[in-house]
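Next up is a structure, given as structure tokens.
As written, the chains take the letters A, B, C and D, and residue 1 is the first residue of each chain.
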Amino acid sequence: MLGLAKGLSYTLKNLTRKKVTYDYPNEPLPVPDRFRGIQKFYPEKCIVCNQCANICPTECIQLTGKKHPDPNKKGKIIDTYDINFEICILCDLCTEVCPTEAIIMTNNFELAEYSRDELFKNLEWLDENDENIRKVNKA
Amino acid sequence: MVEDLLHSSAGWLNFGIFFLLAVVLLLVVLGFVTYAILAERKVMGYMQMRHGPNQVGGRWGLLQTVADVLKLLLKEDVIPKLADRPLFIIAPVIAFAPAFMVLATIPFTDKFQFADIGVGLLYYIAVSGITTVGIVTGAWASNNKYALLGGMRAAAQMISYEIPLIMSVVGVVLLSGSLNLNDIVEAQKNGWFIVWQPIGFIVFFIAAVAELNRVPFDLPEAESELIAGFHIEYSGFRWAFFMLAEYVYFFAMAALITVLFLGGWLPLPFLGFIPGAVWFALKFTAVVFILLWFRSTFPRVRADQLMEFGWKVLLPIALANIFLTALIMELVKLF
Amino acid sequence: MSGEKDLEQLKKEAAAKAKAAALAKMKEKEQVESKEETAAADLDIAKQKAAAAAKAKAAALAKMKEKEQVESKEETVAADLDIAKQKAAAAAKAKAAVLAKMKEKEQVESKEETAAADLDIAKQKAAAAAKAKAAALAKMKEKEQVESKEETAAADLDIAKQKAAAAAKAKAAAAAKAKAAALAKQSDAAGDDEKAKAIAAAKAKAAAAAKAKAVASAKAGGGAGDDEKAKAIAAAKAKAAAAAAAKAKAAGGKVEAEPAEESKPSPNQPYLDKYVKVIEENLGQDVLEDYYINSLSKDVPTLVAKRESYFKVAEFLKYNEQLGFDYLSEIHGTDFETHMEVYVHLYSYRNRQSVALKVKIDRNEPTIESLQPLWAGADWPECEAYDLLGIRFTGHPNLHRIMLGEEWVGHPLRKDYEPYDVEV
Amino acid sequence: MIRTEEMLLNVGPQHPSTHGVFRLVVKIDGEIITEAKPVIGYLHRGTEKLAENLQYTQIIPYTDRMDYLSAMTNNYVICHAVETMMGIEIPERAEYLRVMAMELGRVASHLVSWGTFLLDLGATSPFIFAFREREMIINMLNELSGARLTFNYMRVGGVKWDAPEGWVEKVKEFIPYMREQLVGYHQLVTGNEIFMNRVKGVGVYSKEDAINYSLSGPTLRCTGVKWDLRKDEPYSIYDRFDFNVVTREEGDAWARYHVRLEEIEESLKILEQAVEQFPAEGEILAKVPKIIKAPKGEAFVRIESPRGEIGCYIASDGKKEPYRLKFRRPSFYNLQILPKLLKGENMANMIAILGGIDIVLGEVDG
């Protein structure tokens, strides 16, 4: 009986303790800066080196480049850039390999959609996703 | 008032009055159930350092249960193909009806009681046993193995704990000399029976928790073992009936404990100016709170240990309690 | 940039088709390296004039032939035969690879060097044989299989023609050395650049070629160690050289394991000696196929049992007083394409010692005794090996497809697994 | 004439107490189990097959998803295997970060195990309390690695991120807090008579059985085998810390419960020392080639995860992808003894036994 009473006193004490839950949808969840959320993409920085597409473990990044419009300049610029968030696991490897930090993580993590097709994000969407951008991207 | 009506001649008018009163009581009970569920969730939430419902109906979530009930009403009525249809449909009713019937004998105050019958206590215990029939019926009719196991557990548990439950109140009956609940309350003028019958109270309380199928004796619906036990195949309003029955019993049992051991509507000394109804409500709330407190603290008892505990511990103690009470009464009479 | 004109010339002559293919290939991420190797290897081959070499190689390849690989293999063989007859084909191929490489931004400098060198060779030769080239290109795309094949083939050729492969053949030596260096000195960060540099450097230093040759042949011995038949050929001639090379880091092959121990005795060597001694005393000399210290795996003593004595050895390991391996830590199978292997990691709580027991089994008929009667813990892992690799464990009480279900077609961890789809 | 009949009952794959998609086909006579047959594979994702086409760095996020309750140890085991093969020395600071991350993960994992075990037994509150503390750990690991569960934190040769500012202090503050909470846990549960009756003498197996069935971790130590890879085959820098290997002799669910709770205390001890010894500065990533290639050959390493011995076998042919990758997944091995334990037990004990083994289905199914 003593054990039962001890347990009861423990729960009774908790009645008045501070609540530990988050008021989540009403207040945004505080996340640390390193948090890996949905990517933000800077098309102007991209040099179409394909490293992000190569390192991606789930092969969710597809990109194509085109010749630089300015004939004097060498290299390529990005034409299309798609991330399929159905299979993206937000592992951070794409930002890790990117030599120009053209793709970086944000702290946004809400990605619920009513249709699977909407999880296929293109260059424009990723470009516009510019809130809560992670400050430090490389260790 | 009720007394007069009971003795008046049968007629449509009287029937109408009774019917109306019954509906009122039903609404009161439903109101209680609504807020008992809310209270349960709130108390558990607070004990677990969270808020509980706080979305529907202000920050206290006052309309949460209402919303839940509405949702249940709107749900599709699913009856499994291989279920025993008539029994499946009637089972929730069998389970719920007695729960409501027992409320008739409970004296909430000295004036507010529906049926002041001489064998009120016996009536309560006898009628409340019928619910188990409903549970077993529903369990069997569902044609589901988990449900069957839950139903069997419910039956075994009812049989094992009904006996200590009755035996433990025999002491009270001996002391008050009556089975009438009003008389029992009146007999506590000199001190509540929790003081005179501490052993009886403890046995009764444990057995009552078991009768209510509440933690730590919630074996018939043991969520982690049998998923939902006897009502696993029920959904929508049929399921709500089982829940309703459970919570109405919760209400009735808390009221019965108040009446039997906590002196019903009787006030504490020198506090007689507070009306009886308030006293009853306070004591009643205390009992409810303890049950909720148990729920958020204890793990579940195992089936075989439950049986062992009922037969090998509670029953002998209850019998000894009767013997002791009788002995002391005789000794008191002698001197 | 001196090769610029030559490049244009050659594009017209030989690389018209190859270029298109090479450009397409550029997008294939991981192939650069293997291409280089293939190209280098082909150059090596191209320098062999004798038709006998091609014959020997064809034989070696045929030995490794697996049923599912027939098609690609035939291509390979055909291509190689052609190459052996014509120098030009390989040169063109090399050029194609070089062109592909040129487009890679980081490597521009070193690659152009290589390209220039290659162009010189290419000029000497006749117009490219389009057919051979096409076959070679197709081959390049199958990176893994071809690479390993080429390695072995090239190595075999080297051995067969050790005299013929003179130091003057700087290119072959350079490629071989680069490869050897990359594989042997992994920890020294052998990046692509470094390898390219190695090619260039080795070209200049003809003297180094002889040494590189030895390394290459040593490695061939190691590589061949995985292959029973190739081993028979290679080991006979190259064993002495291999031991001398003593590339401990390439110790996957058994050939090198023992010399490696000599150079740096492992702390676990006494245990291995003890196990082997006890086993040989009690079960006879011929139960173990091989034994060595696996220096890559925290120096764990590794025993390779013979197929027929596997259960006997395992039983002995468990019940012998001095060994007492009462705990089975891990059992799984691996498909090595030439054979299946079952790897068992045992531990003795009494002696606080580990041992790894391996057994090679026939890939076409992968059947082996179950260890479940000895260690109850082998039950599910063996089911898993059966499910994913198709290894049948005889004497297992309940061998079933534990992960995928009985209706699954094929064994996914086999290297030749093709997903079965009802709708296709 | 009363006739009894045995029923075949499917427990799972959707069942609140199977901790995931695990199915158990039990034959019951009344409530007594006469035969139990576990069915697994519902969460099989073919990690080992996928890994054959992935570079070593790319495999690390996949390991997060095996034992998702202690992803740090999974991260570690694959990195450790590759590092062992390549002979890489890990910088000291990285080692300390790894150890701290792993030990925090161990505490979190045992907390979940504790909470769910009691939830299985019908007590709802401990689960919430355990998650309260776990949330703090997860927040710390989130700050460190950028994710709450699938950390993808370790790299071959070190770790991805250095400790953020103030992180080590947070760990330091957490240790006394957790100790205090542990006292509360014991108050709430350990002495509870109902609980003791539920777990004492339930699911007993002997030392010999445990070894024979290849059990590891708390399921092995509860029988009195003093075996912890951190102590007995020290990897990383565990030989620098002073801690005990917790064992119990009973071999029942009660012993397993105690071993786990006391292991939390030992982990806190390690954390305390790690915080003390944490080097003020230093590299967090060793010099490794840009493209990691394990040398030709094979290696099998094993380390101590919260659930037992997690091992990683790599057969490499010198390429940047492993030729064959195999994980020795402790839950998979630990679960094998279940049919034997369940024979003759009733339904309630079944839950207690399963909860006591503490499986993670992601790991069972690989």
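Quick note on the criterion: a contact is a pair of C-beta atoms (placed from the backbone, for glycine too) under 8 Å apart; a residue touches a chain by one contact, two chains touch by 3 or more.
Keep in mind that this is a model prediction, so the values were computed, not measured.
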{"item": "Least step count from chain B to chain D, where 1 means the two chains touch", "value": "1"}
{"item": "Chain whose averaged C-alpha position falls nearest the assembly-wide average", "value": "D"}
{"item": "Two chains sharing the most C-beta contacts", "value": "C-D"}
{"item": "Centre distance in Å when chain A and chain D are each reduced to the mean of their C-alpha atoms", "value": "27"}
{"item": "Chain C-chain D separation of Cα centroids, rounded to whole Å", "value": "36"}
{"item": "Separation of mean Cα positions, chain B and chain A [Å, integer]", "value": "53"}
{"item": "Whole-Å gap between the CA centroids of chain A and chain C", "value": "39"}
{"item": "Residue numbers of chain B (touch at least two other chains)", "value": "47-50, 296-298"}
{"item": "Residues of chain C whose C-beta touches two or more other chains", "value": "30"}
{"item": "Touching two or more other chains - residue numbers and ranges from chain D", "value": "125, 132, 188-189, 192, 194-195"}
{"item": "Chain D partner contacts - residues on chain A that touch it in the complex", "value": "1-4, 6-7, 9-11, 14, 20, 31-36, 55-57, 89-93, 96, 105, 139"}
{"item": "Residues of chain D touching chain C in the complex", "value": "40-41, 44, 46, 48-49, 84-88, 209, 211-215, 225, 227, 232, 287-291, 293-302, 309, 311, 313, 315-320, 323-324, 326, 328, 332-333, 335-337, 365-366"}
{"item": "Chain B residues touching chain D - in the complex, by the definition given at the top", "value": "44, 47-50, 145-146, 149, 152, 215-216, 218-219, 222-227, 295-305"}
{"item": "In the complex, chain B residues that touch chain A", "value": "43, 46-51, 293-294, 296-298"}
{"item": "Of chain D, residues touching chain B in the complex", "value": "7, 9, 15-17, 30-31, 118-125, 128-129, 132, 188-189, 192, 194-195, 197-198, 346-351"}
